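These notes open a run of structures that come right after.
Next come two complexes built around subunit A: one with subunit B, the other with subunit C.
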Partner chain A sequence: MNGWFNRQISIYRPIFLMAFMILTSCMAYALTHEAYRAEAFIFAFGLFAVFVCGFGLIRLLRLGDPYLFMIIFALIVVSLTMLFRLNFSIAIKQTLWFSGGMVGYFLIAAVYKHLKNPHALWVLCPIISVILFAVTLKYGKVVNGAKNWLYFMDNRFSVQPSEFIKLFYIFALAALFASKKKRTFKRRLVPLLLVYFHMGCLALQNEFGLAVLLFLLYIVIAYTGGKDKFFLFLNVAFVSVAGVLGYRFISHIQIRVAMWQNPFSDPSGKGYQILQSLFALASGGFMGVGYGGGSPEVIPEVSSDFIFAAICEEFGLMGGIALILLYFLLFYRALKIALMVTTGFHKLLAVGLGSCIALQAFIIIGGVTKMIPMTGITLPFVSYGGSSLVSCFMAMGILQGISARKEELADEIG
Partner chain B sequence: MSVNVLSLITRIISYIFVALVLFFVLSIIRLIYLDVATMRRKKTKAGDKAYLKLVDLRSLLPFSIAESYVLNQNNTIGRSVDCDICFSDDTLSSRHARIFEEEDMFYIEDLGSKNGTMLNGEFISEEDMVELRDGDKISVGKVTFLFVEVRADREV
Partner chain C sequence: MKSDNGRILHVLVALSLLFLSLIGYLLCFPLFWSGDYTDSVYDPRTRAEEERILRGSFYDRKGMRLAYSERAEDGTQVRKYPHGNSYAHVIGYCSPIYGRSGMELIYNAELAGKSFFSNPFSDADTEPMYGADVYTTLDHRLQEKAEMLLRGKEGAIVVIDPKSGAVRAMVSAPSFSPVSKDLEENWGTLCTDSTSPLLNRAVQGKYAPGSVFKIITLSGAIEGGMEGELFEDTGVYTANGKEIRNAGDKIYGTLTLKDAFARSANTVFADIAVRLGEDNMKKLSRRFGLDSDFPLEIPTAISSGGENLSDPASLAAFGIGQDTLSVTPLFLALVAGAVANDGVMMTPYITDQITVRGFSVMRHSAKAHQTVMKESTARTIREYMRAVVENGTGTSANSKHAVVYGKTGTAENETDKTHAWFVGFAEKENKESIAFAVLWAYSGKTGGDVCAPMAKELVDTWFLE
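For the complex of A and B:
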């Protein structure tokens, strides 16, 4: 194969492109918001400095895969561009969460690189999950129909524990499916118990989107790691039946499905959100109405759940495709890392973490575009939400750490 | 009027932003593709007659390169992916040098490279082909390789 695609390019090219990305987004912001022009450029410069430092840190500490961080940072740039336009105070908060997440990312990657026998830690995971669930059910506050928020310090600081439970869940499942011990009936029951316990607790909190996500993750990990496919299909059948029963008896799910099938049945009430999202997608069209040109503020929850609609309105279908491609690349990198490590546990963990991000993106983008029923899951790295952002950073930090474990790599990455 | 111009400029900048994100994705896909393309030629097998070993510290080089390259009958060194030994050193020509085997001897020749090829610290002229001996140091671009030849009949 010949041609320009084959010519070697420098590893620094994405860095230049990132610089221009940040510059253009900051120019667009400065043009539409006259009050904060100088601050916007200072902020953009700081963001780029953080990117270069992060890239240097990965090279210097030999933290493995160089592309993972770049892809995540591109997502963050798109996210901050949109959030600063939607709501200034929220964007500032998100920036703080983002810096916290970055610190967590590098800390976890560096620690995980040197951790001996990390799979032995899995026993802690269900214990932490149980504690978090208990605390949430006791002290949690109900927001948007789901009881999943913990408030601290006079309601100034809030955390969504279920975002972190997700990580512990993946870790425990990967360890269980990777163990080489003989698979007796009792051993098979342990992961199932874990899955149904988590799903049950989430159902009690009225968080059905996350319950579905966790079950999909179980399917992915069991299909990749388990030998017993029949058992898996049995479980899928069981959960399908449970899902149909849930649809019959729980009004929360019925409303979501009804609004998915026909949002025009209640255009100013329950279908309002999804309809506004569809209007935003339609007015964006192929190329978008331009930064600051649309009116995504009319969509309720636009900065968290419906941010994809806002991006599609202002940057058009091309912007949406760019975002989906970034998720695709992230998922590809996760699978690549899974193929390169030699330990079964790390293969499963990498697949689990990668598909967690990919499935979340699929579920929420599908919900926003009315392809599947809407669920309250965040768009990883892009939606506003501190817990979600930090947990995504932690997940990718573990992935980065896995890719850095040189002794386990069959061949070096990049 | 000025409001219209402003919104037009913003719109164009938004288009550029999206294009840049897409270019960013493309450049990462290309880098990943090139990694895979170079990886295919990295595998070293037992019983190889001759190979090039990297002298420089690999971690200090700003591009990805293998620790050693096995030599076949005919090997080209260059920046192009079509070369048998390729790495993205910007001081390397796209087709830089060639190492080939003839009648049980290895020879090196320069393929008209811009920055030249050095053998044991001396430039080799363009029309020349120079015989290689075990332990010779070959410098191309920023890197230096050690030429290693494993042969039973020559170990005196």
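For the complex of A and C:
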């Protein structure tokens, strides 16, 4: 029995809502880009068709939670609306990534639904992570101070392995903390090794934002797993000390903190990017200057890390807050799924995947608005970037698959 | 699994709080912090906005254009200064790199069309937009003449209308070209040059006034009832062991107050200052505006001096404009203006009105700054200042076209080259009068020799139309 549609929600309501959202975005684009009017409407129609198909597919294949896909699709509409206004060619590329991601999403969800003992796959995860890290450290290219890009085919195609490592990490941690076996010293050591190995490799790549994200995920998963609170506390204390030491000795972190405290101390150098972002926010105010009315293109990296500043400039902080609420809804659905499934492993995995999206959104939005120091990670589903988009779709695909398995009862983990 | 679910709810609450704090922060941003990030010079939007609106112009009192902006072929704006270096200090420069100075800085918002009254309802996309225009009280002929007179020297000229306080000319030398292209070329030298060409000496340069300050001492003497007295000059006055002598070590013998003023007898005025005493001299000079700011549009330096008047030697030197006295040319022009205006010092101003598309949105009205002496005192001083020009130290200021009143000054300073001053006013029936201060700093010459003739030229320019 599939319980997700039991409450008799009309299927027309979400479809009508999405039609309205896509139509508004499309009209905004058509009004500001006269040369592409017809194309905009065709594109919008296509987008809507994809949504209807996806929504139908979830019902048809009994893939569980119907809201998850809606929220993700709303984020995608926001992303494409902004990207088409910022840079036409990368928006086209993002559309391709989006199509690929969607296919992956449904494939993973459908496969995961029927997978027997998926938690047993966790041993593969550290192995894949080690390989990806090794390849990145050896062949990776440095982009914006972090060595985290792999280039293929004469630099025409690039992958950010850390976006995928994140998923394997969550999967492995969820499996380890869900284990019912007695906590021996060895069993305590394995997850710990996993956490510090990942953080160490990310630190070597200068990806401190992601290292922080992974550690926060460790806290969330270990806390939900509920074993060894004292041990968890010890680790938090240890990493705090390591963080302070890192701040003392790593200039990269010092610069980020200094620019957070006073971006005007180097307005045309290190503080340039965050200042441009804040100028965009200030220029947008509460209600924004309107779609196409601002000049967010002056912000470096505006289509990837800093897309939230562009959204705030044109749609105002109200638009920004609406986007934050979408992330909150997504996170809420993930925890709802975690509450509804019965296996410990899947509870932890759902919490981990949901928290990953939520924390990532918080870290980057807080960073571009100068609430917390800036760290370069992407805004899930909204930032431009194939690796990021596909990995987010994969994460949510697994979540969708988990929600489809809700009927499973036994504690197979034993 | 019950406890598991409890902990999942904890995670939900914790991250919800995180999201709430983020939303709270974002709501606070436009309320409290966005001011730090608007109109910043580092924001390309500010620049683009200013580029979109054609910057307003400056005009002199007769409508002659002094500075304006034009669109270049590529659509960018170019600031033009059609009169070379003449207005480099008072109007200033407007550079995309070095910012703005002078009136360009003070009225930047209005000129750039950012101020609330400048362009309320125009449609940005369809019409060209213009910033507000500033009509100054400056007189182009006088300004150009003053600039010419100071060329190659170090000094300043300030000319005001004594009845209203309107500034007619304000020139500082050495000057520079305010054109952006020239600034970019010369910025390094302009900043490091020992003669500080960027400094507006007329309002921000501070110099010892020398004998010109005797106008103020004289007003104290007259109001202290010394007008009828005869003074015995022995060529030297000693106060607290320090000797004060007349210029050129002259000995004048018995002098009336008027003669002592006309010949600028140091001994007599040192004696007067000591007799008036510390308190009186302090009050007197404060009344004339020492140690206080004049509310001019552009920033002015505060004229100062007389910190240790309890020492009679200092007090004596103070009476003849030495000691620690250091004043701006504007200050002395205002003192002369007060004499011409029967003892009332007017508030100086440079902006006559600001217009938007020909409509006046702000018009300046003359305001009295302070009554610095009795009307009768002013009339007596006027007579004395006339004597200086008729048969005293300032005879070369005499003009055929107006009646000139004045006082010369030759001030000692930290170098061995004296400052030459001529400060006064000129009147003619049915014509607006002018009050002026002419300074040639570090000239090594006397005010009567070099500055009085410059003042005459200014007077001729003004009254001969």
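Quick notes
Keep this in mind: the second predicted complex is superposed on the first by the 397 of 414 C-alpha atoms of A that agree within 3 Å, B and C clash if a C-alpha of one lies under 4 Å from a C-alpha of the other, contacts with A are read in each partner's own complex, and residues count from 1 in each chain.
Going forward, a contact is a pair of C-beta atoms (placed from the backbone, for glycine too) under 8 Å apart; a residue touches a chain by one contact, two chains touch by 3 or more.
Everything quoted here is computed from the prediction, not taken from an experiment.
Once the two complexes are overlaid on the shared chain, A:371 sits against subunit C while remaining clear of subunit B. Applying the stated contact rule after C-alpha superposition, one finds that A:319 touches subunit B and leaves subunit C untouched. Applying the stated contact rule after C-alpha superposition, one finds that A:25 touches subunit B and leaves subunit C untouched.
In the superposition on chain A, contact of A:177 is made with neither subunit B nor subunit C.
Legend: residue contacts after superposition of the two complexes on their common chain; A:215 is shown touching neither subunit B nor subunit C. Of the two partner chains, subunit C is the only one that A:286 touches; subunit B does not reach it.
Of the two partner chains, subunit B is the only one that A:11 touches; subunit C does not reach it. Contacts of A:335 after superposition on the shared chain: subunit C is touched, whereas subunit B is not.
When both complexes are aligned on chain A by C-alpha atoms, subunit A residues 321, 332 touch subunit B in the first and subunit C in the second.
For subunit A in complex with subunit B, the touching residues are 2, 5-11, 13-14, 17-18, 20-21, 24-25, 27-28, 31-32, 62, 67, 70-71, 74, 78, 81, 287-293, 314-316, 318-319, 321-323, 325-326, 329, 332, 336, 411-414.
Of all the residues in subunit A, the ones that touch subunit C in their complex are 220, 223-224, 226, 264, 267-268, 272, 275-276, 278-279, 281-283, 285-286, 295, 298, 312, 317, 320-321, 324, 327-328, 331-332, 335, 338-339, 342, 344, 347, 351, 355, 358-359, 362, 365-366, 369, 371. Residues 1, 3-5, 7-12, 15-16, 18-19, 21-23, 25-27, 29-30, 34-38, 40, 42-45, 48 of subunit C touch subunit A in their complex. The touching residues of subunit B, counted against subunit A in their complex, run 6-7, 9-11, 13-25, 27-35, 37, 39, 42, 59, 62-64, 79-82, 86-88, 90, 94.
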